[in-house]
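Here come two complexes built around chain A, the first alongside chain B, the second alongside chain C.
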Partner chain A sequence: MRKKELKLVVTFYTTADAMAMEKACKEQKAPGRLIPVPRAISAGCGLAWCAGLDARDALRQLMDRMDIEEQDIHECML
Partner chain B sequence: MNLADSKKKLALAGLGCGLVAACLAFFGNPANMAFCIACFVRDMAGSLGMHQAEAVQYARPEIVGLVCGSFLIAVVTKEYRSVAGSSPLIRFVLGMIIMIGSLVFLGCPLRMVIRMSAGDLNAWVALIGFILGVATGAFALKQGFSLGRSHETNAASGAVLPAILAGILILAVCTALLKASEAGPGSMHAPILLSLAGGLIFGALAQKSRMCFAGSIRDVILMKNFDLLTVILGLFAVMLVYNVALGKFTLGFDTPGVIAHSEFLWNILGMYAVGFAAVLAGGCPLRQLILAGQGSSDAAITVLGLFFGAALCHNLGLAASGTALNPETKELVAGAVPVNGKVACVICILVCFVIAFTNKRKVRK
Partner chain C sequence: MIYLDNAATTIRKPQAVIDAVTFAMQSMGNAGRGFNDASLGASRIIYEVREKLARFFHAENPKQIAFTANSTESLNIAIKGTLTLGDHVITTALEHNSVLRPLYEMEEAGVELTVLDSDRQGRIRYADFKRNIRKNTKAIVCTHGSNLTGNLVDIGQVGQIAADYGLLLIVDASQTAGAFPIDVQEMNVDILCFTGHKGMLGPQGTGGLYVRPGLTVRPLKSGGSGVQTYNKSHPSEMPTALEAGTLNGHGIAGLGAAVDYLLETGIDAIRGREQALMRRFYEGVKGICGVTVYGDFSSWERCPIVTLNIGDYDSSEVSDELLTTYGISTRSGGHCAPLMHKALGTKGQGAVRFSFSHYNTEGDVDAAIQAVTELASECV
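Moving on to the complex of A and B:
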């Protein structure tokens, strides 16, 4: 079984923002992948962006640049 | 214990929901309609006099239990959030479309799975339409479809629907004000307390597991993630065992007594409309009830759309009829979708396309 580790989880108000995040990250070669919102987190549209903890600043800058509104940024064992 | 932090626990939640459905079927709910959101909302609309189809009028405690179960567990686990303001009238229309599509097929996605578990091949045909509908919705999401974000609102606003439904149940139990069928599917039901308890348990499990029939397929398409599908498979497995064990498993089309029809195209198109509209609305009919329970007024508006759609279906002759035996001649009378229902279904699909490709994510800059 894969060992769980602490990850960065970005949640969004709308699915459209989550999809925009996926597109932007692919285009900009930013780290991470789309996941269902972990059930430990009570928020969001159902989709979230998951990346390593060290990607926090890069993702923040990317979301600001691409006008993607995040709901929250969590740290979760995944 | 976190009920939803592993696939095994999600499957357990699905098994729990399946047990509730099997139990309610055993104790009196109609065959293969053990727990159908569309049918039960339609019955509630009938009990309130919103339509006059005498065979389908009953204030189903399961619906009250689902919403109140979700509300209570959300409050206890601090997940209750009163939100509103995400294109409410478009959601109302999507609720109507979900109900019209469901009554063309004769069941919501939950009943489709329950019918599949009983060997009803019409439901397996309809699954094709449902998957295609969800896929079309997922495509729209990829193209930037959005109904806009919801916002925090007064805490009491999110509790209105649970309160209204609880009030309806009290009226049903304590007065003779509401209509109740004396024959037909509406007259077949488990005891009230059992139905209510089943609804509460189902609602709590669905809230914690985020159970959603449209979402489960959407997640597979968008992320190749099978978590939500695990919950559905758990429910399917229990119902399959129940049906086989009690001799209720009949593989075939045209099965009398199941309340289904064999018009393949309309089974597919009905569930196509449901799958498409459910993705646009952010969840299947079950998920809308659960979200409404945990405080979303947007989902509550979609639920009101379900009620309105149910009334339209029976007042305007849109709902399909099920295959049945003629009690006098003992001949099999094939169920069918009326012309009005076919036209409505096509209009619903067209409206879904208009909604999907005219509501886009707004960029501020």
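Moving on to the complex of A and C:
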């Protein structure tokens, strides 16, 4: 397994939100990738956006600009 | 075979639609169910189609588009998910049973129902909407185009009435989506119900609904959602709220290709071609002795449908003769539009519906005119 480090994890209410995030990040060349929601955040299923901690402001601005609704923004060891 | 039953389903689909379905059936995982390339690929395709449909109908954002199996499912969700005991709802005699039957069920559950009459040409009077509004009126449910006569309803006008009186407007766009411009925001539509397999030129088993942001619709179904697994309730956020269970991803991929085709070809061009064929047929049959054509042909801006009867022949007999002797496919009987037939006086006889696609040719139309001419000559 990979060595764990603190990452930013954005969760969403729906898969459609996660897809909107992925598309917007690709288009805007914002950092990160989709991951399955980590157990530390939720014991359910679903997709989350994972990026480095330093991407917080850029992602926040992107989500505001693109009208993407997140459920929460976490920091966790991944 | 000359296929003139395109109001039931468009039989010829763009090759790109067939290719997209084939590709999806060879590669698609279950959208939103797990983290693997096949699943993510499916989620991406479905999201892209959501975006395309949102742009196509001028929705505020893609999340307001939920996928269903057809208009009937969309209309059931819209009607049963917004009306409750004590509400009053207004609809029209133009409606299909996919509107009427859910409304009759709601009537049994304590919803008050008013059905606006049409005249003998199948036209509604817009003033009737206002005249029938009560203190407890919650919604208007209205078709955009009659599946029997092809008459259009000016949804912009109905939407303005709904907006003026604070009513929900639920629109059945089964016969118009894909051929007529629909702008849900400009037309004040709260819920738009559409199917994928008619004018949209997509696969059967696809459809959907647009829901205005901020409007909560109670879902008909609950179950797997791919998110919030340990929540006892189905998620309430659109579009997941109305999409329990695995979506028809293969079909939705085809629907996306269909939207691309419609935009590339141009819906004005498609509609113009269909209306020209309809006009050619109408002009060819309207004067035939013994033929009665139904509907309002004072404008060519109508669905590409011509419905007629020959003398007092049973419409099923005429449709059968058209198929077996001339190889022409039409639709006879009641067309799931009982109140419209009642208004036209064709409840017993039914009627024979000819409906055109832009893929039809002038030769198809002329063959149909010739067939009707010959059949009519037998009854004189």
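Just so we're on the same page, the second predicted complex is superposed on the first by the 74 of 78 C-alpha atoms of A that agree within 3 Å, B and C clash if a C-alpha of one lies under 4 Å from a C-alpha of the other, contacts with A are read in each partner's own complex, and residues count from 1 in each chain.
As a working rule, a residue touches a chain if its C-beta (ideal position, glycine included) is under 8 Å from a C-beta of that chain, and two chains touch if they have at least 3 such contacts.
Quick caveat, the model's predicted, so the values are computed rather than measured.
When the two complexes are overlaid on their common chain A, residue A:26 makes contact with neither chain B nor chain C. In the overlay built on the shared chain, the residue A:16 is in contact with chain B and with chain C. By the touch criterion defined above, A:40 lies against chain B but remains apart from chain C after alignment on the C-alpha atoms of chain A. Contacts of A:67 after superposition on the shared chain: both chain B and chain C are touched. Applying the stated touch rule to the two superposed structures, the overlap between the chain B and chain C interfaces on chain A comprises residues 13-17, 19-20, 34-36, 45-47, 67.
The part of chain A that touches chain C in the complex is made up of residues 12-20, 22-23, 34-36, 43-47, 67. If you check the complex, the residues on chain B that touch chain A are 2-5, 77-79, 81, 86, 141-142, 144-150, 208-210, 215, 219, 222-223, 225, 227-228, 282, 360-361, 363-365. Within the complex formed with chain A, the residues of chain C that make contact are 31-35, 40, 43-44, 46-47, 50, 61-63, 226-231, 235, 237-240. Those residues of chain A whose C-beta lies close enough to touch chain B in the complex are 13-17, 19-20, 33-40, 42, 45-47, 67, 69.
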